[in-house]
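The following pair of complexes shares a single chain, chain A, combined with chain B in the former and chain C in the latter.
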Partner chain A sequence: MAGVGSACLTVGLLTALYAVGASVYGAITGRRGWVASGRRAIYCLAALCVAAFAILESAFLRSDFSYALVAEGSSTDTPTFYKVTAVWATQDGSLLLWATVLSLFASAVLFLTRHSLRDIAPWATAVLGCVAAFFLLLMVGWENPFDTLAVPPPEGAGLNPLLRHPAMMIHPPMLYTGYVGFSIPFAFAIGALVTRRTGADWIRATRRFALIAWTFLGTGILLGALWSYSELGWGGYWAWDPVENASLMPWLVGTAFLHSIMVQEKRGMLKVWNVTLICATFTLALLGTFLVRSGILDSIHAFGASTIGVQMLVFIACVIALSVGLILARLPDLRSEARLDSLLSREAFFLLNNLVLVGLCLVVLWGTFFPLISEAITGTESSVGPPWFERIVTPLALVLVLLSGVGPVLAWRRVTASALFRLFAAPAAFTAVALVVLLAFTEAAKSVPSLLMFSFVAFVLAVVGQEFWRGTSARRLVTGEAWPQAFSRLFGRNRRRYGGYLVHAGIAVLFLGVAASSAFVDQRDVRLSPGDSIRVGDYDVTYVRATARLGGDDGGTGAPISLGAVLKVHRGDQAFTLHPSRNYYSTSDPSKGAISRFFEGEATSEVDVRWGLRRDLWLAVRPDLVSLEEPIARADREFADSPGRVQAFVISTLARLYRDNPPPAAFRAIVSPLVAWIWIGGAIAILGALIAAWPSPEARLRRVRSLYAARVGRELTRA
Partner chain B sequence: MEFAIALVALTLLIAVVVTGPLRNKAGAERPSTTRIEELSAAKEAKYREIRDAELDHRMGKLSREDWRAVDRELRGEAIEILRELDRLEGRSVDGR
Partner chain C sequence: MDPSRKRKVRLVVALGAAVCLAAALAYTSFSASSEAASPSELVEGKSYDVTGKVVHDSISRQGDELRFRIRDRDGTESVPVVYTGVVPDPFREGREVIVSGELSRGTLVAERDSLVTKCPSKFTEDKQTS
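Then we have the complex of A and B:
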């Protein structure tokens, strides 16, 4: 079936190129048959990519090591759960995922717009076809996921142990769906520029896709942070790693785009901003893919220096050149249809919001590429670390949170000064009370940025609460409905507005967690023997005993050996135990002995966390295997040629040796206040985005009616 | 061999599918149909703006004078869209 998969990619490439040619020809000559043919080619491309993906997944699930990719990234003892995800853990597989998701999204948007945007859609089809063709060319030419081995090995290398985590199962598809999703509004923006149809039509057609892409990208970023927190053993969730930054940048600019298009929809303003923002978002999405796969920057995500770095750079350069050229050429068509009526208006604050978001992106961009820039100029590679990022990002983040509270209060066009006072009085009072409480009853004053953030978060939540209250009251005045009914009807009929407010509230709560867990974290790094105790935060932690487990680790990752600890924890009248451990995976390195290869391969930290709404207690252990070095070396000599079950017995004996006579182990204990609110805030924001993206039932019904009306008109003409 | 057979078979299949619209001319759309779709979407967006402005006024964000001015402007824009829609759908001013 590898041949069939490979044929799907080759035919897919030809189909994508046909889609480009047919759509452009149809657009130029006005021959709708060719436009429809180009659109069908995209549908066929989706079918081919799905088929190829299914063939590859099947190979992973069957552990068919004749596929080079399966031999490289999976093994017979990889749990099924992770065999599925192993497809996109590899470069070739991730390219196929990109192409598949892109073709499915493209098919969806072209199907939905098949009766509209008749000028723009063909050009959008051509752009989407180009992007798909590029990724297919990468696979066909350089990184074919269906390459086979002449002599399949009996066993595969296995999935990178770092990736054996549930969050990692869906982190890449979420990110890629986000990256790919932004190609839809990008393609239609290019189509709008080419055809000079620079009104709001292309925005209306693609707004939901942009919002869905933003949601998926945000979810992917959040899952990545969760994975970092619970898997990497350092206790943090964001390290300003280049690949983390690469996903954050398109998300920031995408956020600006989502706000800015509202201004164009309502007022016909910020047209240049919008096309520039979406081109920048898509370019940054490609850059994100490039950074992950090129190995050009040091990163925990550097899963492979690759052969496609140059090609991606060339493609990114072409995208930038096309975007800049078109925008400059169409500047006269991008003139605003209206002017700013007042600085005290939602439009003005959205523009300010955009400036802050783009500023944040530029800061992150500079910090991420600084190693390359410094090497190019000075010859030595320097880098900037988290302190640099935090110093510059923190004030911008504070302004952003504050603006997210101001924007919802303002009306479009203008708000009078007297109305401003009335609208801000209650949230300002709530914020003042919150500030007093924080100063009087907490240690928040020890960190001024955190204190400010907490106050601004209180402001945002008060504003959102006020919006819901006033909106429900206004509806009740007119309809006489009861509070719950008025509230749900208000929400249901204004999903974009109130879904958006929920997103603001979620982001504010997320920043609350970030501020608290950053400024008030308590961390201890110690070496403990059984019986020793430490105090971290308000917790008394006692190392009770060591543990050793062979196979069947708690996380279900398939680790052959797991060495850990049992720790008893007390806080007031609370008592519980935690079980951090370290998983050891075997290596196929031929220089290692038959026994030592089980102890000297990859190792991952399996932290244990006591999750809590007020604080988390996070614990990790690093067992000291020095005392086992000599027994392992002896076992390598004596049991090198022994049967597998004998070697397994020796390994279990060594593990028990560690468990029964453990040397002091290194522990990291962290108490992080309010970190759970990062995940909760993120979930609220995602929910708000999904609500905002959901079409209202009345709009759906009206659209269906108008479609039928149009159909009647068509059929009457034919008769 | 497997690759070659699959390549030829898939190419033929895709070619038949994508050339369908080129062979079937009857399904061609009238330009006005797509314009109707676009105007319908624009009408929905305008109605949403009118409702938003009314909600803003009820919530105290817009003064009565400002709301009336905005509402007048938005309703005027909606009427233009409806006129264009009626023209394309072959309806007269009195709805017949």
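Then we have the complex of A and C:
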């Protein structure tokens, strides 16, 4: 089957190249047949990629170790759930996923636009074909996921234990889908530039794809943060790690793009800016893919120092050169159709929000590449840490949240003073009340940025609430519907607008969680023996006893040994227990003894969190194996050649030894206020984005009618 | 003021503001950054982000203190480290780590919680070495 998979990729590469050639030839000569053929080649490419992906996935499920990739990244004792995900934990597999998602997205958009955008679509097909061909070339030439081993090993190396978390199942595909999704508007922007059709057509055709890409990328980032918080054992959700930053940058610029295209749709302005933004977004998405694979920046995320860094860099350089060259050549066609009438207008505020978002992106870009920049300038490699990022990003984030409350309710062109009063009097009053309550009843004043953020969040929520209330009551007045019905139908009438409000509310709530949990976190690192207590936040935490489990950890990750602790927690009259533990995975390192290899492989923290709307209590444990060192060393000598059954018994005895007589263990306890609202806010924002992206019935009707009209027209010309 | 002139003034002000902000960004990043070094380059009394590999059989624990040596990535010269705080999960002999601290009497006294383990560029094993 590996041969079939390889063949799929090679044929796929040729198909993609054919799609490029056919659609460019068709576009230049005006032969529609060639264009249609190019488009169908992309459908064919999607089928080939899906087939290749299915072959690889089935190899993982069957644990067929004749595939080098399966032997590297999976094993027979890896749980099925993680066998499925192990495909994209490897470099080659993740490239295949990239290409597959790209070909599916490209097919979808080309299918939807097959009767419209006759000039732009062939060029977009060519661009998408080029991108797909590049990724297929990487696989065919350097990183073939279907490489086989002449002598299959009896057992695979297993999936890296750090990746054994449910969020990891969906986090990478989400990110890839986000990255890939932005290639669609990029391709159509390039098509629009080539054909000088720089109106809003290409935007209308791909707006929804940009929004979907944005949603996926945002969801991916959020899931990554959740994984970091609940798996990595350090207790944070964002570390300004290069690869985290790499995913944030296209998201920021993509957010700017989603806003500024509305200005072009409504007012015909910001054309240069829009094509620049989408080119930048796509370039940053490629950069994100590249950073994970290059190893040029220190990050915990990197794949192996890889063989394809140079190729990726060349491709990114080509994309940048092509975009810049094309935009410069088309500057005369990108002239604005209107001017900014007033600084108090929606377009002015959208422009401001764009500047802040792009500014944020530049800050993150600068900080991420600072080691390279400083080495180039001063000769010594230096790096900036999270405090630097936080200092610069905080004020920008504050401005952004405030703008997200003001911008969407302003009118286009200009706003009158009376309209301003009508729009913002109630929210401003609400914000003032919230501020007074915060100052009087909470400790929020201890951190000025947080206090500001809380007030701005209150403002945004008030503005959004007021809009919903006005919309609903107006609808009730007209239709006489009940409140809930009027409220839900409101979304149906104008999904983009009300979905957008919901996104803004969600992001505001998310920032509420970020501000509270970063400014008012209480963290303790202590060593406790059974019976000892500590106080963290309002919680009294007591280490009751140690635990030891073999072959069945709570998370279902397939860890052979899991050592942990039972802690009793009191807060007022509330009492509960938490069970953090640490999983030990065996290593196949031959220098380790037969028994010690089970203790000295990878180990991961299995954090236990008491989730709460007001605060989380987060506990991680790090058992001290000092007392076991001597018995393990003895067991290594005595049971080196014993049968597996005996060794298993020895290990269970050792684990029992730890459980019954535990030395002091290291604990990290964190009380993090309102951190749950990060996930809740994120979920609200995702919901809002889905509502905004969902096709409305009227639009579908319009599309059907226009398709019908087009068909009638075609038949008339034929007749 | 006529509109075209007004636009020019606006543009100059905007560009000026952008340049100032960029300069501030560059300045703060250079002053906030810490120098990266490998164990053989350390000078007494200065603080660094030291990158190196954990020397085999050098890890020991005394109470809350973790002691180990790190050596140059491609070399043998090593320096002892005294560290307190949280040890990341992937910390192992032979792994690459980054630790911030100051060299004092031949020992790197690390800042609390500053130890970062580079998953040796590894979600998958390094292609060239395996």
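Just so we're on the same page, the second predicted complex is superposed on the first by the 707 of 719 C-alpha atoms of A that agree within 3 Å, B and C clash if a C-alpha of one lies under 4 Å from a C-alpha of the other, contacts with A are read in each partner's own complex, and residues count from 1 in each chain.
Methods note: contacts are C-beta pairs under 8 Å (C-beta built on N, C-alpha and C of every residue); 3 or more make two chains touch, one makes a residue touch a chain.
The model shown is predicted, which means the values in this text are computed figures rather than measured ones.
Based on the superposition on chain A, does the combination of chain B and chain C result in a clash or a fit?
With chain A as the common anchor, chain B and chain C both fit in the superposed model.
What is the contact status of A:668 with respect to chain B (first) and chain C (second): first, second, both, or neither?
In the superposed model, A:668 contacts chain C only, not chain B.
Applying the document's definition of touch, where does A:83 land relative to chain B and chain C: first, second, both, or neither?
neither
Classify the contacts of A:367 with the two partner chains as first (chain B alone), second (chain C alone), both, or neither.
second
Put down the vertex angle at chain A formed with chain B and chain C, C-alpha centres only, nearest 10°.
In the superposed arrangement it comes to 140 degrees.
Answer with first, second, both or neither: which of chain B and chain C does A:73 touch in the superposed model?
second
Report for A:165: first if it touches chain B alone, second if chain C alone, otherwise both or neither.
neither
With the two structures laid over each other on chain A, which partner does A:615 touch: chain B (first), chain C (second), both, or neither?
Touch partners of A:615: none, neither chain B nor chain C.
Let me test your reading of the model: by the given contact rule, A:409 touches which partner, first (chain B), second (chain C), both or neither?
first
Between chain B (first) and chain C (second), which does A:204 come into contact with in this model arrangement: first, second, both, or neither?
Touch partner of A:204: chain B, not chain C.
Just to confirm the value: shortest Cα separation between chain B and chain C in the superposed three-chain model, in whole Å.
23
Can you check the complex and tell me which residues of chain A touch chain C?
The touching residues are 72-73, 89-91, 157, 160, 162-163, 232-234, 295, 298-307, 359, 362-363, 366-367, 370-371, 374, 380-385, 387-388, 391-392, 525, 527, 600, 602-605, 622, 624, 626, 666, 668.
Help me check something: in the complex, which residues belonging to chain C touch chain A?
For chain C paired with chain A, touching residues are 21, 25-26, 28-30, 32-37, 49, 51, 61, 63-64, 85-90, 92, 98, 113, 116-119, 121-128.
Can you list the chain B residues touching chain A in their complex?
Its residues touching chain A are 1-7, 10-11, 14, 17-22, 24-34, 36-38, 40-42, 44-45, 48-49, 51-53, 55-56, 58-63, 66, 70, 89-90.
Taking the complex as given, what residues does chain A use to touch chain B?
Going through chain A, the ones touching chain B are 1-4, 6-8, 10-11, 14-15, 18, 22, 32-34, 36-38, 40-41, 44, 48, 115-118, 200-201, 204-205, 265-266, 409-416, 419, 422-423, 467, 470-471, 474-475, 477-478, 493-494, 496-497, 699, 702-703, 706-707, 709-710, 713-714, 717-718.
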